[in-house]
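Order as written gives the chain letters A, B, C, D and E; numbering starts at 1 within each chain.
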Amino acid sequence: MSNGNTAWSTFADGIWKNSPTLTLLLGMCPMLATSSSVMNALGMGMAATFVLVMSNIFISALRNIIPKQMRIPCFIVVIATFVTIVDLVMAAYSPGLYKSLGIFIPLIVVNCIVLGRAEAFAYKNGIASSMLDGVGMGIGFTVGLFLMSTFREILGNGSFLNLPLFGPSFSPVLIMIMPPGAFMTLGFLIALKSYLDKRQKKGA
Amino acid sequence: MSGDIFINVIYWLVINNVVLMQFLGICPYLGVSKRTETASGMGMAVIFVMALANAITWLIDSFFLQKFNLVYLRTIVFILIIAALVQFVEIFLKKSMPGLYKSLGIYLPLITTNCAILGAAILSVQQKYDFLTGIIYATATGAGFLLAIFMFASVRERLERAAMPEMFKGIPIALITASILSMAFMGFAGLVKI
Amino acid sequence: MKSLVITSSPHVRSIERLTDVMYDVVIAMIPAVLVSIYFFGLQSLLITVTAVVGCMAFEALFLKIAGKTNIRATVLDGSAIVTGILIALNLPPTSPIWMTLIGSLIAIIVAKQVFGGLGYNIFNPALVARVFLLISFPVQMTRWVNPSFFKGDAITAATPLGMLKTDGLATVSKTFSHLDFFLGTIGGSLGEVSAVALLIGGLYLLMRKVISWEIPVSMLGSLFIFTGIFWMLDKARYADPIFHILTGGALLGAFFMATDMVTSPITRKGMLIFGAGIGVLTGLIRLFGGYPEGVSFAILIMNSLVPLIDKYTEVKKFGLVKVKA
Amino acid sequence: MKLLTFKRGGIHPPEHKSLAEHKTIERPELPETIAINLCQHLGKPAKAIVKAKDEIAVGQLIGEADGFISSHVHASVAGVVAKIEKRMTAIGTLDETILITVDKDKTREQLDTLNKPKIQTIDALSPTDLLGLIKSAGVVGEGGATFPTHVKLSPPPDKKIDTIIINSAECEPYLTADHQLMIEKPIEILKGIQILQKALGVETVYIGIEANKPDAIRLFIEKLQDPSFRGIQVVSLRTKYPQGGEKQLIHAILKRQVPSGKLPFDVGALVQNVGTVFAVYEAVYCSKPLIDRVTTITGFVNKPGNYLLPVGIGFEQVISNVAGGFKDPERVREVINGGPMMGKAIRQLDVSVMKGTSGILVLSETQVCYVDEGPCIRCGRCVDACPMGLMPTNIAQDAQFKSTDTLAASMDCIECGSCSYVCPTHRQLVHWIRIGKTVFRNANRSSK
Amino acid sequence: MKNVFILTIISLVAGLCLSGVYIGTKDQIEISKKAAFNNSLKVVLPFMKDKYEDVPPVKYDMEEVPIYPVVENGVLQGAALQVIGKNGYAGNIKVLVGVDKNQTITGIQILEHKETPGLGTKSADEAWWGQFKGKSLDKFKFKVKKDGGDVDAITAATITSRSVTDAVQKGLVVYREYAGSFNKMGVSHE
């Protein structure tokens, strides 16, 4: 299972084809909550990627020690440890981002992507491929967040990375940075993804 | 005080609805809402676990973590408590209420990863609610979850039969419906001020 | 002789068709549209036309992309026209064209076609559009002008409900009389100003049996009772129930939007519950909520409860009574 | 007089009765051949007791009832059996059919004697005798359901019948056969009612007639002045479809609701179609089996009217020779066995008239509106129209999506077609509900 | 038993790691928190030189108003006050108001609010609150124009504007009282 080729393909798949949020429909809470601005989205994406990669590495390294019956609590402990590290570091060095991401930083613990990859991949594979898998999934998650937040920020706030794009006469579609806009954008994004997937399948 | 509690309950229930406004518990909201029966079952389970988890985490937080200056261990401790609690509830239900277990059993493991439970527990101690308020907060939040998922499930039964384009079937249309529901709930904005 | 057609019984059909129903609704809205043109001038005609054309165009576009075949028939079935006019009636007379078009887009694509088109939408498309615009463009959506009667400049004004929310009851009673609400010489969206035009349209719909009395009566009745109770408690603070019925699109909602067949309950009992729910929610939002006007939100919330209402108000089957021995 | 009606649902389709109304019942030319289906009734088909080349007389028994719910079939003409084969019937089934080459002279001769009354009173006959006569005459319900009459007249001993209702509502648009029969044969019908009264030992009889037939109402009130007709009353009913549905009629007249899944005798009532009553009269007084019936031929034909048709005469024959042919064959779209609401469209014209053929309706392209089903717009018109208090659109959708748990309600549907009639998007509701019934039955069977 | 043991070991290691990280970041977190507040203070009190007096909140009309006075050579130069604007659109609005020794506004910052994004949130833009700068109680009517005052309300957000305006006015009133007592007693840390 763990030859380089498959590892590489799991990495590549994670980014777009098996995009965790858009295809596997995992981790939607942070996707919805932290995509109102690109800055938040990238912060969240990086935090989640860090946790994913580190927990994948450690779980893969400890996979022979962690007993089968107790694996979920062990996973949770490992994941929660890295989440707390992110939490503390962010509070210390990026207080603005820390404030706007709020509760969703500690909630990375229950993000189905992280636990899902630990269970489905890291616990069964070697360290290197687990790391690659974590990076792929993390980037996939970040890409999804980035797409969504770009759309929402441009429409809802008229800016990109907090830089105003349009003149003062532009009326932003405020709803896009509010909860309904989040649900709507994600809904259309997933529909678009499945449409593109289907077209690709037909073409292939 | 009782008036405040009432106002807060309204706030947690509809204005700052846990699903539609705070995006907590989206996975079960989308996953377990295909039928009203299962949705209400899940909602009940969430209320129950949420209130229980909140009570226990509050006690641990104030009598252990804060006392020994270990607040930074909150996340890790809370999630372990919740995981253990869910296990316990599962065993308890299986033994004493097999009927309920049969209908809720499959959702209980899902509750562990329901971010609404952990979210409510953390928010409750972050907001420095007292013990009772915390439980009321958790119950109202859970009830907000039940309200949202139940309303949504009844709509979804109708959606199953709609002749929509293939690519919107399932999750996308569910999200768009949630979007409109959330718009409608914004009408309650400012209903109570806290 | 050509070969015989085999159809399932019955072999005759009522002449009433979907399009007849829809065009009846269009006819019923004409008085309100005319009044809006009279009060707000050609701008309101422009808004109406834009909304209708926008709705039809977006519908055609979506159907084309989705690869449907009978585009022409679907676009012309009248439902898009009804949605378009309803959107226009829900917009303020100063609405910019682009905003009207966004409204049409949201109504047709987000609220209707992605659900599968006519008959499958859960929420009233025009109202989804209105709420979407209200949340997105609060400035443009609350820029009202006084009815100008074609003379002089339109002065910016507030709707009676908006005034009630920000300035209190005393100012409102000083500014307007009930006759103003009835005739429509007040600020407001195109379709909400004139109670009399809406009543004419509503009565037409009732007469043509396009709508039944249950929803309008229970909605206005419960709004009347709800606001009436608070008025009785504190007459200096709360406006009287007649005020609430005549202003802010309560009539527009009661006759044209809550009664939308697709998004309201099927059974009579269900309609009564549905209407009552709208009335109470409207009152709640108007009296205590942040928004001055609550009809749209109330209807959307009740829309989402329709499947549930339907489920619990199934009509009683014939022959379920006890046999008299 | 107060017009009675049922409480819930119902529709008012255009009547179109004027086409054939008040046209005297005519006896058409006999055809060269005739094809008599052996299943003319609800229940098991009759068994053929003749074979090819057999010479037969009018009224001779040619098919014997097979089992409890079954009925005899008699020859409607004299002649020679040409062959026995499976043929398509007017109700769309494939059944054993006896083809007879008609001997016209003999037929005419024998019919004349058969039509003459043989007895003057029924005083000498016991209820059992009456039932025997009805049974051997092969009388079935002529309203369309074709339930064997003798079975209907023998309710289980624990069900006490206290009222007989004569169904003369004729609520289907276009059809006028029952109406004309009432005008022409009032005394015979009343005598037929007396037979039912005696057979069942029931005193009270209501004749329910829709208000759009005032002459029939007047005529019967007048004839009932005769004191020998005891216990019989005429009731005028509001013109509303489906006034003639058994359960609706009982509700309209007696204010009793037949419980879901039960039969009229569960509320002590028995409903007979007026045509059936006439057949009962002929069976008892003339010893004449049910071999001909009054049928309305109407719609897009040159000579619409009411005709006394021998059972087994071909539709083609009836339309072209009896009713003067199609107005314009090119524009004919549907030929219906029965009324427009509940009748069955036939696939081809070489089917023959049956005991239950109350009408033959020809519809042109302008009358048939055949459009694709639209989506349900939830207008609720079908719910308002359903006389059984069902939610047709829900049942239809459940049937479409095969969700059996809610299909139980479909079993209450009487398939009157009111829902499909009013649907503004032309959904084939009755069709889907019929499918729903099958789905439900199959699901129940497999679960048992 | 062995399983529980492993879990315990892992938890302990995790706990140890975390305490390490915690100790490493603890000071920085405090610094960041302070810095954030100091930045707000600097915005509302442009004349402040990194130092304010730590004094208990002032009591005013049933509520406690935290105050951060700037004192130079025993002379009160001004203060920042943390006031609550009641009845905002969706709740209370926490406003930091800066006042100089002339009892004029030097700046305001919205610290906490639940207002509608893009609408009520405009109250945080200097484009709007700039109109308060240099205004004092005697020369400026702290009411929105609709209510007969001098404040331009934010379009379509009258209620938010009102709430913030009230808060600013309250800040001035509280400062006036504080300045009065300061001049009598000097800086009090009790």
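The definition used in the following text is that a contact is a pair of C-beta atoms (placed from the backbone, for glycine too) under 8 Å apart; a residue touches a chain by one contact, two chains touch by 3 or more.
Just so we're clear, the structure is a prediction, and the values are computed from it rather than from any experiment.
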For chain A and chain B, chains touching each: C, E
Which neighbours do chain B and chain C have in common? A, D, E
Central chain, going by Cα centroids? C
With centres defined as the mean C-alpha position, give me the chain D-chain E separation in Å. 88
Please tell me the distance, in whole Å, between the geometric centres of chain A and chain E computed from their C-alpha atoms. 35
So what's the Cα centroid distance for chain C and chain D, whole Å? 48
Centroid of chain A to centroid of chain D, CA atoms only: how many Å? 70
Residues of chain A that touch two or more other chains sit at 73, 77, 80-81, 84, 88, 172, 174-175, 178, 180, 184, 191
Mark out which residues of chain B touch at least two other chains, giving numbers and ranges. 72-73, 76, 80, 161, 163, 168, 172-173, 176, 179-180, 183, 186, 189-190
Junction residues of chain E, two or more chains touched: 11, 14, 18, 22, 89-90, 116, 118-119
Considering every pair of chains, which are in touch? A-B, A-C, A-E, B-C, B-D, B-E, C-D, C-E
Once bound in the complex, which stretches of chain D touch chain C? 8, 11, 13, 173, 247, 251, 256-262, 266-267, 326, 329-330, 332-336, 340-349, 361, 363, 367-370, 374-380, 383, 386-391, 393-394, 409, 412, 415, 417-418, 420-426, 428, 430-431, 434
Which residues of chain A touch chain C once you look at their complex with the stated criterion? 171-176, 178, 180, 184, 191
Chain B residues touching chain D in their complex are 160-161, 163
In the complex, go through chain C and note every residue touching chain B. 66, 110-111, 113-117, 120, 122-123, 128, 131-132, 135, 281, 284-285, 288-291, 294, 296-298, 300-301, 303-305, 307-308, 311
Under the touch definition given earlier, write down the residues of chain E that touch chain A in their complex. 2-4, 6-7, 10-11, 14, 17-18, 21-22, 25, 28-29, 31-33, 35-36, 116-119
